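Each structure below is given as structure tokens.
First subunit A sits with subunit B, and in the next complex the same chain sits with subunit C.
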Partner chain A sequence: MSENKQAPRAAVGSSTTSPGSDNNDIRRRGFFRWLALGWLAFAAATGGFFIVIIRFLYPNVLFEPPQTFKIGFPDEFSPNSVDTRFKKKHNAWVVRDDESIFALSTTCTHLGCTPNWLLTENKFKCPCHGSGFRITGINFEGPAPRPLERFKIGLLDDGQILVDKTKSYKWEKGEWENKDSFLKV
Partner chain B sequence: MSLAALKSVIDAISAPTISFTILTVAFPFFFPPTDWFEKIHRKLGFWRLWTKKGGIIGLLLITAFFVLGYFDKNFNITLTKPDNFPIVLLIYSMFFYIWLGMYKAYQNDERLDAGLKPNEYNDPDDKVLVWPDLVYIEFIALILFQVFLIVWSILVAAPIEEPANPAATPNPSKAPWYFLGLQEMLVYFDPWLAGVVFPTMIILGLMAIPYMDINKKGDGYYTFKERRVGIFIFMYGWIVLWLFLIVIGTFFRGPNWNFFGPFEYWDTHKVVALNNVNLSELFWVKLLAKGLPSNILIRESLGFIAVFVYLFVLPVILIKTKLKGTYETYGPTRFVSLMIFGLGMLALPIKMYLRWAINLKYIVAIPEWFFNI
Partner chain C sequence: MEKPDNKKPLLERMGESQVWKSIIRSGVPRTRRQRMHAILGSVFLHLHPARLPKHAVKVGYTWCMGGLSFFLFVNLTITGILLMFYYRPTVEYAFTDIIDLAEQVPLGIMRELHRWTAHAMVLIVWLHMVRVFMTGSYKPPREFNWGVGVILMTLTLLLSFTGYLLPWDQLAIWAVTVGSNMARATPFLGHEGPGAALLAIGDINLIHVGSDVRFALLGGRFVGEATLLRFYVLHCIGIPFIAMIFMAVHFWRIRKDGGISGPL
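And now, the complex of A and B:
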């Protein structure tokens, strides 16, 4: 038994084949070719997979209300009031104060719940962590770090107001000064 | 004292400013971490809670509270809600198991003082095998628990509501009970801290306990005296900073996430003055009577200094003074991890008290970069 024992082909310290001989070299090169091919195939498959997944995130048809919508004529909104008609469908409150009309986002700036408009307290109040916002959208109580965002608002030729949710204005960046963030009345 | 008066007293006490303070102050007297607390613990009889009589009285008090609540028309609503049933179980089981552990630990401490071996000590020859002795017990417990869950699910309907509507968030909106501690933390912190950093630190910190705790005593038997500081810190974090927050979230949080006593009517229009201000506003506007500096970093410099001092200067001072011995025995790596997790844990009560005392919203408030501490 013991005399039949074969020496391993690449034993440590064996000097039967000198390191870097032709035979060894070709094998190594072949190995790397297959390795590269394998990795390429793997990368292609994974890449294709992710491309398909990312494509999946953009549906062909969107069953949601349009991002821009008409809300009616300026005189339909009474001064110092919050119109909650557009909350459910469009996630926006339309507020009219003394001199302007603006559209507030209904997404709390703390963790994204939907606050409620409390008429008697004259404030928006979030039911999740108790953030409170004034009628202007300015945060004043609870953990919300910044005011509610305002959407782009403007007058159409027919005299109606158009709200465009694709553009929002942040108070902390001084964007409420922007003429498109409110409507003078 | 009439029942109504008792209820209003309980309502007043359960306001978090009071109940949290009472719990925090009383805690070291029930789990005394030092000799001084131990002395008072013995003198005033707090140790009696960890005797058989104390345990029975504790369970009776909890039961009396729930019975009182069941026959109260306001508390009955929150108490009998299917969502809240686990919390009733939690309060009972939490109390019972803590009591059981402390009861056994106190018995052992007395035995150890008398020079005896602890109750759990087994002769090395008198082995109990995992299979079948332990696995059978676990198997039976599993079956019993399954039976309990099935009976529960048959008797109590699942609290399923109407389809979700993003425009109409339920008021109050409560997370599942096991997340109510996090939801309570979110009241005091920005989401990236209370929703990401703290949960990660809690999980990592719990995993790190065996590496940070080098006390070899109490291995395989109940004891309090031999590991009192460790037990005190863990129990405070677990009971007060986690379980108690869950109880607050379940029974004491009502519409608009306002606080309500357990017997109080959930008035949607309850007015609570919560005009929160940031540290920068307190400093520049209130104290110096100036406008906020336009440079963000200058505006928030005080907050950054405060956070830096808390996280980096305080541990160095502690090494030089109070925790000198701890630092020497623990070594730098272990001590630093202890500090990271310890200061992270303490940040919660600190921020809670800052909110309650001076209506502080954020220490560092940079909404422009979505960075608030």
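And now, the complex of A and C:
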């Protein structure tokens, strides 16, 4: 077996590594020049492709509901009620109390589950750990440390209400005073 | 701990650091013996021979075709994995996802890279075979590796064929319909093949259109939803997995059969 392994190598060695042939063709300096050039080109190509890969991972088009959406005219919402039509698609409740309309986030402030609106008990109740929120979004029971967040809400020129989820308002920071966090009715 | 000797050059100090030694295992190699040890001690470098015959760098002899085949395979693996982030192998989405890969996905060239690299790989693998044949490199002790190479070439063509279906356009569906019809004629296993009629109990044929080897390949009687999923799995997991095993043997045997072949 070892003879088999050696045979071609020996045959090759006899013709190319004769003592006088060291100074032919490739010289040390030239070899390293090409080697360096080769590695540089390889590094550049690899680096370029790496950038392409990173960019590739950030999609240009999202197949998600838009962050801003129209919810209709103010008189479509009856006083002291919670509208759950936009919960599934947009993760928002539209609440109307005595004097304003506001959009509440459906993300529980405890660990991010989605609470349910319990009409008979007049509260939002999270099924995961039992956090409860008033119709205003203020937490009153369970582990939730702070009220639900409100989304930006405003009137469009056509009279419809627009909800913008890119901006949210936190009660504990006093942001519910902001006039964009509710709609006076 | 020893204080770093600031008089030594940075590279030298790096080579003697614990981090370097834990990764590279040997210090900066200085003798031929140490250099050989450094090559053999690295999982990546050990794929290369510790010492290279001078003729091995003569590209004119090997055309670098084997290395290029492997390079293209690595490219296809990387671009293929990236495509899997966006492509869904279902009748509902496959075609539109391919359109999206060109029109909406960033840069829009990943699928083209994959496609053209695949074409190039088929070509290069054939040229690799031509080179090996023309130089007589299939002769003993390399005849076993030639056999492994033939299997690898077949796997390359099967990868190409299974990938062909994934765009799920008219070309893909009918090309695979035509191509997979060949399986009908498989001896004994295809329902139109020689000997299939012999496998019968009384009047009942065991091998028919709903039970032959083509049925197993397509997951149905025609190229449909099940076929798309089967070809996707074969293309992304099944065949590459088998090909990688054969490639490992192929590269290993190059070394064991006396290194890269050269002029006699």
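FYI, the second predicted complex is superposed on the first by the 128 of 185 C-alpha atoms of A that agree within 3 Å, B and C clash if a C-alpha of one lies under 4 Å from a C-alpha of the other, contacts with A are read in each partner's own complex, and residues count from 1 in each chain.
Convention: contacts are C-beta pairs under 8 Å (C-beta built on N, C-alpha and C of every residue); 3 or more make two chains touch, one makes a residue touch a chain.
The shown structure was predicted, so the numbers you read here are calculated from the model rather than taken from an experiment.
When the two structures are aligned on the shared chain, A:L118 is found in touch with subunit B, with no touch to subunit C. With both structures placed on the common chain, the touch criterion links A:I53 to subunit C but leaves subunit B unconnected. Between subunit B and subunit C, B touches the greater number of residues of subunit A. Of the two partner chains placed by the overlay, only subunit B lies in contact with A:G132; subunit C stays clear of it. Of the two partner chains, subunit B is the only one touched by A:P145; subunit C is not.
With both structures placed on the common chain, the touch criterion links A:H110 to subunit B but leaves subunit C unconnected. Subunit B contributes residues 165-173, 183, 186-191, 195, 255-258, 268-269, 271, 274-276, 361-362, 365, 367-368, 370, 372 to its touches with subunit A in the complex. Across the interface of their complex, subunit A is touched by residues 53-55, 57, 78, 82, 85-86, 100, 104-107, 110, 140-141, 256-259, 261-264 of subunit C.
Those residues of subunit A that touch subunit C in the complex are listed here as 4-9, 11-13, 15-17, 21, 26, 49, 52-53, 55-61. For subunit A in complex with subunit B, the residues that touch the partner chain are 87-89, 91, 106, 109-111, 113-116, 118, 120-121, 125-130, 132, 140-143, 145-146, 172-173.
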